[in-house]
Every structure is written in C-alpha cells, then in structure tokens.
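Listed below are the structures to be examined.
The two complexes that follow have chain A in common; it is paired with chain B in the first and with chain C in the second.
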Partner chain A sequence: MTKILFSDKLDNCVERWKSAGLTVIGPVQRANISTYAAVEHAAELDFGLVLPDRSIKDLFFPQSEPMLRYTIKKESIDTDECLPPSGPRIIFGARPCDASGMAIDDPLFGWDYKDEYWFQRRNETVIVTIACTKADDFCMCTSLKMAPDSTKGSDIMLRPLAGNKGWLVEELTDRGREAFKTIADILQESSDPAAPLAVVEKKFDLDACVAWLQNPENFESRFWKEISMRCIGCASCTYLCPTCHCFDIQDEGDTYTGIRRKNWDSCSFALFTMHTSGHNPRSTQSARWRQRIMHKFNYFPGKFSVNSCSGCGRCSRQCPVDMGITETLQEISKLSL
Partner chain B sequence: MSIEEQYRTRAKELLSGGAVKMVIGYGKGSNAKRRRPIFISSADEVDRLVLDDACITNLSGYLVSEGLLSDEKRVAVFLRPEGIRAINILAAESQLDAEQIVIFGFDVAGNEIKALKGINVEEFSDVIDSIKEGAPEAAEEELFEKIEKMSPQERFSFWQEEFAKCIKCYACRQACPMCYCRRCIVDSNQPQWVNTSSHTLGNFEWNIVRAFHLSGRCVECGNCDRACPVNIPLRLINHRMAEEVLGAFDHFAGTSKTQEPVLASFKKDDSETFIL
Partner chain C sequence: MKIVGRHDEAPGVRTMKLEFQDPADHEIFKETFRTGMFGLYGVYGEGESTFCVASPETRKDYIECTFRQSGRVTSALVNADIGDLITFRGPYGNRFPIEEFHGKNLLFVSGGIALPPTRSVIWSCLDQREKFGKVTIVYGARSVADLVYKHELEEWQERSDVDLVLTVDPGGESPDWKNRVGFVPTVLEEAAPSPDNCIAVICGPPIMIKFTLISLKKLGFDESNVYTTLENRMKCGLGKCGRCNVGSVYVCKEGPVFTAAEVSLMPAGDL
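Right after this comes the complex of A and B.
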C-alpha cells in the first residue's frame, strides 16, 4: 500500500500549505508562455504540459538580482546589502529534469564560495516532482543516464495514476516529509497502479561523447566549425537551460549612487570573454559553441563529477535555427564510432 | 519537375561551374515540422537542399557573417520576398554588394511553393511592389485593431506584461538580418548606454531601442518574433512601426538597392524644424 494524493484534493493541500505560510508555485500558462509561478488555487496549475518553456532555475537564480545599493560620499561609501526575499516555498509539479538541474548546480554554487542567494532559496524550497508520462521529440533525459522518474534533486516524487486521478507519493527527504505532514490526513492509502512512464528514446552514447571530448586532439577539430555554422549566437539555449549558471556583475546608476546587480550571462555571446584590450580568446561562434559543449560534458564533470545537463531538451526545442546539444552529441557519437 | 528539384539542379550547375562558392538553403530539421539553415559548398551535396512550406526562416542575415563576402566571390541564397527586400536594404546600407548575391526566390501560398523568377535583386521589384499592397492576415488584423483601440494606459499595461517576460537573450537581434552591427548599442559599455539588466525597465529600454532602430528597415520577415523564446509578439511592434513610416514618409523598406534609409537621410526642404 502506498499513499495517494487525489487530484480533486489538491486545492485543499494548496490551502493548507498557504495557511502554513508557504508560497505555492507550479506550472502555469500565462501571457502566452508556460512557466513556474506562484498560484492561489490548484485550478491554475497546468499538468498537461510536457514541461514548461521556462525552467525552475529562475526561482533560485533569477535573471537579474540586486546585490547591494551604494552611495559614494566624499569620505566614505555607504552600502546596503540586498538579500533575496525570504520565506518558505513549495514547488508543486516540477519535472525530474528541472529538479535534477538544481542538484547539478549545488556543488557549483557551493564550491569555493557559498552563494547565499542560491542556498537561501534552495533551503527554503520544497521541490515536489511529478514523473513524466509524456515526452516530446526533444526530451533526452535517458541519453543523460536519467529517467522520466529520476528522483535527483526532488524532495517528493509523485507518480501519476492512470486517468489523471492523482499521484502516488514517495517522500524522499526530511524537507519533503515535513511539508507533507501538513497534508497527512488528505492523503489516502491505495493500491492503484501508476500510469506508464513516458518512453524516451536514447539519442546518443554519452560515454563515447565524453571520451571524444576529453581527447585533446579534438579541441581543434574541424567538427566545431561545421556543426555550429548556423548558430546565430543568441542566449536562448543557455537562458532556458536549467543548469547554465553564468552571470555578470553590473553597476547600474550614476557615479554616486546606484545598485549592483547579478545578471545572467551566456557563453554564446561574443562579449562573454572579451578582454578590455579588445582581444577575445573565443573570437568565433564555433569556439563559443565548443565552450558550451566542453563546459557541460568535460570541464564541469571534471570538477564536480556530474555532467552539467539534465536532458530537458530546451536548448534544442527552442533554438531559432534548430541546433542544440542533442544534435551535437549525436554527431560526436557518430564520430567516435 | 518540382521547384525543389529545379533549384537543386540550378545549385549543382552554379557550384560545379564555380559561379558561386556557396548555396545557403534549407535542409531537414530535427523533426518533420522543422527545417534548418544549411550551407552547401560542393555540387555533390545539393540533394540535402529541401524546399517546402516549412522553409520559413529568412536566411539573408547569414550573408553579412564576418568575412563571407570579402573575397568578392558570389553566394547563392534561398529567399522569400521579405528576404529579397532585406538584400536591397543591406545593399542600400553598404553591408553587401548585391552583385555578389544569387537569389533562389520562392514564396509559400498555403502549402504550395511558388518559384519567383529572377537571379539578381533588381529582377524582383514586381514581387516587392505586390507585397507593399498586401494586408496582414485576418487574425492579426483583429489583434492590431484591439491594441489600437486600447487607451494609452491599457496599451502600456499590455506591453508591460509582455516585456516583463523578456530575458534579454537577444535572440530577436541575432535572428534579424537588419541587426548586423558588430557591436550593438546595448553591448557598448564605455559608457553603458542601456542597462544590461533584464528587469522590466531594462526590457522596455531594450525593446524600444530596437523598435526605433528597425523602423523603416524591418521587412517583417518574422525571424525575431519566431526566435523569441518567451513569445513576445514582436511582429505587432514591427508592423506598427512599418505603418507609421509608410504613413509619415511614404517609405516601404527594401524596394531597391539604392533606396535611401528613411531615418538616416534628410531633405533640406523638410517641413520639421527638428530632426530626430
């Protein structure tokens, strides 16, 4: 016997969590885009999406974050540190690739310096993930050795019952158990079986790709130029990616007073590694695309023993010129045969 | 022979005879609905070219890639009428030499492909004149009217909600053939003219700057609108600005390669005392 949360009881849960002081966040369609946003009622949530256009990264690492306000005076500089808005939150209905993306980035944000903006939000947020029963052409979790029900990064895993009646509940962490204590009496015991998971075809051989990338001879391969000819160098693939984490620090204001912000940045941009001298070590789009692949599947795992990709497929789904990580790794797979 | 086959044959002839060094066209994409830009430099590869109703992207922007045309060799490119207009503008703004561009013109009506006759940009002026007269599609017309009827406050809220979604990925700029500046105004940081932050104010600044820079230059190819990952209806802005420029200056962008850029030219007898 497992515990079940019936869909028609979800609104009661939302009420409970709200009364307990949690902000309830979930997948919604708003202003012609699907994203994760705060809701008042369960009816606002959309569980029919394969996955939202925007990832849950935005909730932990927003696109523009104030760090401090400053005023420069004759003798001194006044600063006023800005911390992220605090308060407990529950994300209900994350996808496994989004939840695991946050766990992939934890070591990065906690490596030499513990990023308090990231960890405060991580510690205050319960992630309730729903396993996927449908996938599209671009989903590729299985190619990254994950699955439509991977539990990495989740506090609770829900597996849908047949006929959208509800979800089987698996409590994974203390944080998850704590949040589900509030709704313990709403859950029911049942032996209903879970609906079949999405079938996600394996698209490339990850180990072969990684071996090819690690071979220093391939760094200057003609492959990079050929594969990235059509890349227009936007940041849509990095900004939608749940694991891309690059940022730039900018002062906004005049000479005397302003605000220091942490803004997203992307290795697709020509400006990304531009030196003040004007020299750019990655002066071509192909060098920038190589960086993107190398970082995700060679440098990042070299440092943190995990690939910087959860297989959500957004980079390919959204690319204006139909590129993406998938095609590149598929081609590398072929090269390494 | 289908147009796809005709164009493959023509591409083969041009490449094998050395008349062009490259053909920029469409190839199969990652699923049946998608086509992707491809670059063919060898006559043996022309069979990779695809031409059907999924070939939508305006490919003219690739022509101004750094160094592509600097050897003065010719390049062929698949273009719809909007793309052909873009060639005129790029030539008028001295970004390329139209003599170097061999056009494979086509248009899509429903799911039918129509070949457009001609090779050099001058030969397509009839096609361009005919779109000048054309009206936007009915569904869009309704939306335009709805927005026109809004009060300034309502319209402001509409755009505020839309621009709040912007993440400053600059996909709109990168996808646009007219956004060819090697260093965009928003990337200039000595001084920093425009905030880099993508908060609502910064997003307004960016989108308004871009709308002005594209006024009288945009060909309404829709590349920016389709590229925007957060579905901001950029086409509404483009269309509104195009109407404005047409009404105020009788200027329709991209009619010829010698057309003067509307916001970069002036007349001594201008009735205005102030020129923006």
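Right after this comes the complex of A and C.
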C-alpha cells in the first residue's frame, strides 16, 4: 500500500502549507511564459506542461540579487549585507531534471567559499518533484544517464496515477517528510498503479562524447567552428539552463547610495572574458561554445564528479537558431565512432 | 582601505598605498598574504577590478597596488584622493613559493605594466637578500615614459647585488636613454643569464610571455624552473563566477602563479 495524494485534495494541501508558513510555488503560465511562481490556490498550477520555459534555478539563484547596500558619508562608508529574503518554501511540481540540476550545483556553490545566498534558499526549500509521463523531442534525461523519475535533488517524488487523478507519494528526505506531516491526514492509502512514465529516447552516447572531449587534440578541432557557426551569442541557453551558474558582480546606484548586485552572466558573451588590454582568451563564438560544452562535460565533472547537465533540453528547445547541447553531443557521438 | 599615498608611475599608470581600517582585517591579511596573490579593489558605485598586490610579503603594514586607468573602476580609483576609502577583497590565489628559491640564482623578466606582480616577488627576495644567489632583472616597456617604478629601477641599478637590464621597444627611446633598445625576449637572449641553479619569474603581456618562454628554452631553462602569472578577467575570485579558467584550470583558485611546465599543459587556444 502506498500513500496517494488525490488531485482534488491539492487545494487543501496548499491551504495547510500556507497556514504552516510555507510559500507554495509551482509551475504556472504567466503572460507568454511558463515558469515557477508562488501561488495562492492549487487551481493556478499547470501540470500539463512537459517542462516550464524557465527552470527552478531562478528560485535559488535569481537573475539579479542584491549582495550589499552602501551609503557613502563624509568620513565613512556604511554597508549593509543583503541576505536573501528568508522563509520556508515548497516547490510543488518540479521536474526531475530541474531538481537534480540544483543538486548538481551544490558542490560548486559549496566548495571552498560557501555561497550563503544559494544555501540559505536550498535549506529552506522543499522540492516536490512530479515524475514525467510526457516528454517532447527535446527531452534528453536518459542520454545523461537519468530517467523521467530520477530522484536526485528531490525531497518528495510523486508518480502520477492514470487519468490525472493524483500522485503516488514517495518521501525521500527528512525535509520532505516534515512538510508532508502537515498533510498526513489528507493522503490516502491505495494500491492504484502509477501511470506509465514518459519514454525518452536516448540521443547520444555520453561516455563516447566525454572521452572525445577529454582528448586534448580535439580542443582545436574544426568541429567547434562548424557546430557553432549559427550561434548568435544570445545566452538564452545559459540563462534557461538549470545548472549554468556563471555570474557577474555590478554596482548600481548614484554617487552616495547604491546596491552591489550579483547578476547572471554567460560564457556566450565576448565581454565575459575580455581583458582590459583588449586581449580576449575566448575571442570567437566557437571558442565560447566550446567552453560551454567543455565546462559541462569535462571541467565540471573533473572537479565535482558530476556532469553539469541534467538533460532538460531547454538549451535546444529555446534556442533561436536550433543549436544546443543535444545537437552538439549527437555530432560528437558520430565523430567518436 | 584608506588611500594613504599615490604616485604616478607612467602616463595613465598609478600606484596607491592603502592602509587597513579594521585591525581584524589587517591581521587576516598579515597571516595569509604571500607574494603572487591578488585582490579585488573596488569603489562603491563603480565596481571591482582585479590586480595583484604589488607590495612584497616582507612588508605587510600596507598594500600597494599599481594599475593603468582604462575602465570605469580604474578611472574611479584614479579620481580617489588621499584619505578616501576604497574596498579590497583578498588576498586570493596561490603564490610564488620563494622559500623553494633559497640558495638559487633569480632571473626576473618583465614587460610594461606587468612589473607590479614581479616587483612584489623582487622585494620579497631583496628584503632577505642573503638567502638567494645572483639576482638579474630584465625589464622593458614600450617607451622610456612607460617604464614603471622609475625610482626603484634607479635603486636596483645602483645596487651591486642586483643586475638590472633595462630596455625599451625600438622607437621608444629618448635622446638621453643610455640603456638597451629592443624587445624583451631579444634583450634577454643577449644578456644570456645562465640557467644553472636559476629560477626565472616572468610577467608580461601574453605576446611577451610567449616569446620569452621560447628565449628561455633556447638559453637552456627547464620549464619547471620558470614561473609566471596568468591575469584573466575575474569577478568573484572564489572559483564560482566561471570565467577565469584556462581549460579546466581556474586561475583564481589554482593560480595566478604557474610554472611554464604547468602552462604548457593548458590548451593554448584558451590563453
């Protein structure tokens, strides 16, 4: 017997969590974009999406975040550190690729200097993931050795029942168990089977790709020029990526008061690495695309023993010129045959 | 940090002497700073810039930094007066392992605005001169005016325990210039310092480093005895913002100091 959360009881759960002080966040349609946002009622949640346009990264690593406020006085400078707005949250309806994306970035934000902005939000957020019963042509979790029901990074895993009636509940962490205690009486016992998982076709041979990338001879391969010819350097792929973590630090303000901010940045931009002298180590778009692929599948795993990609496919899905990790690794798979 | 001294080294190049405001911060600096490390210097409202600490590890009562005015932050730093406050984050990165240089001859090769990081090592060694063998410094700039630390160059020129070879690029000499004319790698080959028991420290623009490495190889230097610093664009200095890497190597954490042997393993197309 497994516990089941029926869809028609979800609004009760949202109410319970809200009264317990949790902010309830889930997949929603806002204007022309699907994203994760705070909701008041279960009816606002959209579970029909394969994957929202934006990932849950935004909830842990916002596009722009104040780090400190300063006031310049005559004899001194007052500074106030801006810690992230705290408060417990529950993300209801993350996807396995997004949830694992957050776990992938934990070692990056945690090694050496511990990024308190990231970890305060991580520690205060319960991630309730819904396994995928639908996929589109861009989904590629299986190519990354993950699955439509991978539990990495999730506190609770929900497996949909046939006919959108509800979800089978699997509690994975103490944080998840704690949040589900508040709705314990709403859950029901049942032996209903889960709906079949989405079938996600394997698109490339990851091991072969990694071996090709690790071969120093391929750093200067003509392949990089050919594959990135179309890239317009718009950075959509990096911004929508759940694991891309590069940032810039900028001041914004007037002469006497202002804010130092941490903003998303992207390896797609020429300015990202440009020296003051004008010298640019990655002066071409192909060098920049090579950096993105190498970082995700060679450098990052070299440091943290995990690929910096969870297979969500947003980079290909949203690319204005039809490039992306899938296409690149498919081509590399062919090269390494 | 409070600006307690300023000096214009060359057109557009300024040195600032900074004192800590918080004794606790100063203690941390004294405990952690070693020559070769860098910091992020900032002006609120303008941002932060990365440069080396140009003062040596043997003088930790203050920080000196030398920079060329070129962008928003460095312009704000140039406009700052004595007594003004600026920010410093650091020291970050690794260092020149100078205790491993004890008993050895030292060759410093530097070009233009890259003398500041070299100078930190030079003074760190000269302040304990007895621990090292022969000290040779080869330094060049585009023109006579572009040479930085002119007073210290004079001082090194006068010292009997330092061999200083000064040069300016062809066309950069003034009528009363009595030193060499020629590019640093060429002048280095003419000076022909012996590679025996010698450590070379080279800092300069990428093009100078490239040709100086070739010259040192010709002179018989082993790549593992040649040290350099890589100066990539950085934002965090903490191994997270993702831009300073050369191949898999993060310059902010694993550098900025590398041996030529380490650099030769990095993908040249990322330098």
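Following the convention adopted for this analysis, the second predicted complex is superposed on the first by the 335 of 337 C-alpha atoms of A that agree within 3 Å, B and C clash if a C-alpha of one lies under 4 Å from a C-alpha of the other, contacts with A are read in each partner's own complex, and residues count from 1 in each chain.
Note that in this section contacts are C-beta pairs under 8 Å (C-beta built on N, C-alpha and C of every residue); 3 or more make two chains touch, one makes a residue touch a chain.
Since the structure is predicted, the reported quantities are computational estimates derived from the model, not experimental observations.
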Task = For A:D248, select first, second, both or neither according to whether it touches chain B, chain C, the two together, or no partner.
result = both
Message = Contact-wise, after the overlay, does A:R282 reach chain B, chain C, both or neither (first, second, both, neither)?
response = second
Task = With the two complexes superposed on chain A, say which partner A:G87 touches: chain B (first), chain C (second), both, or neither.
result = neither
Message = Tell me the contact category for A:G48 with respect to chain B and chain C: first, second, both or neither.
response = neither
Task = Have a look at where A:R261 lands relative to chain B and chain C in the superposition and call it first, second, both or neither.
result = first
Touched partner set for A:E220, first chain B, second chain C, both or neither = second
Ask   = For A:P107, is the partner it touches chain B (first), chain C (second), both, or none of the two (neither)?
value = neither
Ask   = So which bits of chain A does chain B touch that chain C touches too?
value = 248, 250
Ask   = Which bits of chain A are touching chain C when the two form their complex?
value = 70, 72, 76-77, 79, 108-109, 111-113, 115, 216, 219-220, 245-251, 253-255, 258, 260, 265, 267, 272-277, 279, 281-282, 287, 291, 294-295, 298-299, 302-303
Query = What residues on chain A touch chain B, complex-wise?
reply = 31-33, 53-54, 63-64, 137-138, 229-230, 232-236, 238-240, 248, 250, 252, 261, 263-264, 266, 269-271, 316, 318, 320-324, 326-327
Query = For the complex, which residues does chain B have touching chain A?
reply = 29-31, 34-39, 57, 61-62, 161-162, 164-165, 167-171, 173-175, 187, 192, 195-199, 202, 223, 226-227, 229-231, 233
Query = Which part of chain C faces chain A closely enough to touch in the complex?
reply = 42, 44-48, 68, 70-71, 74, 85, 205-206, 231-233, 235-236, 238-248, 253, 267, 269-271
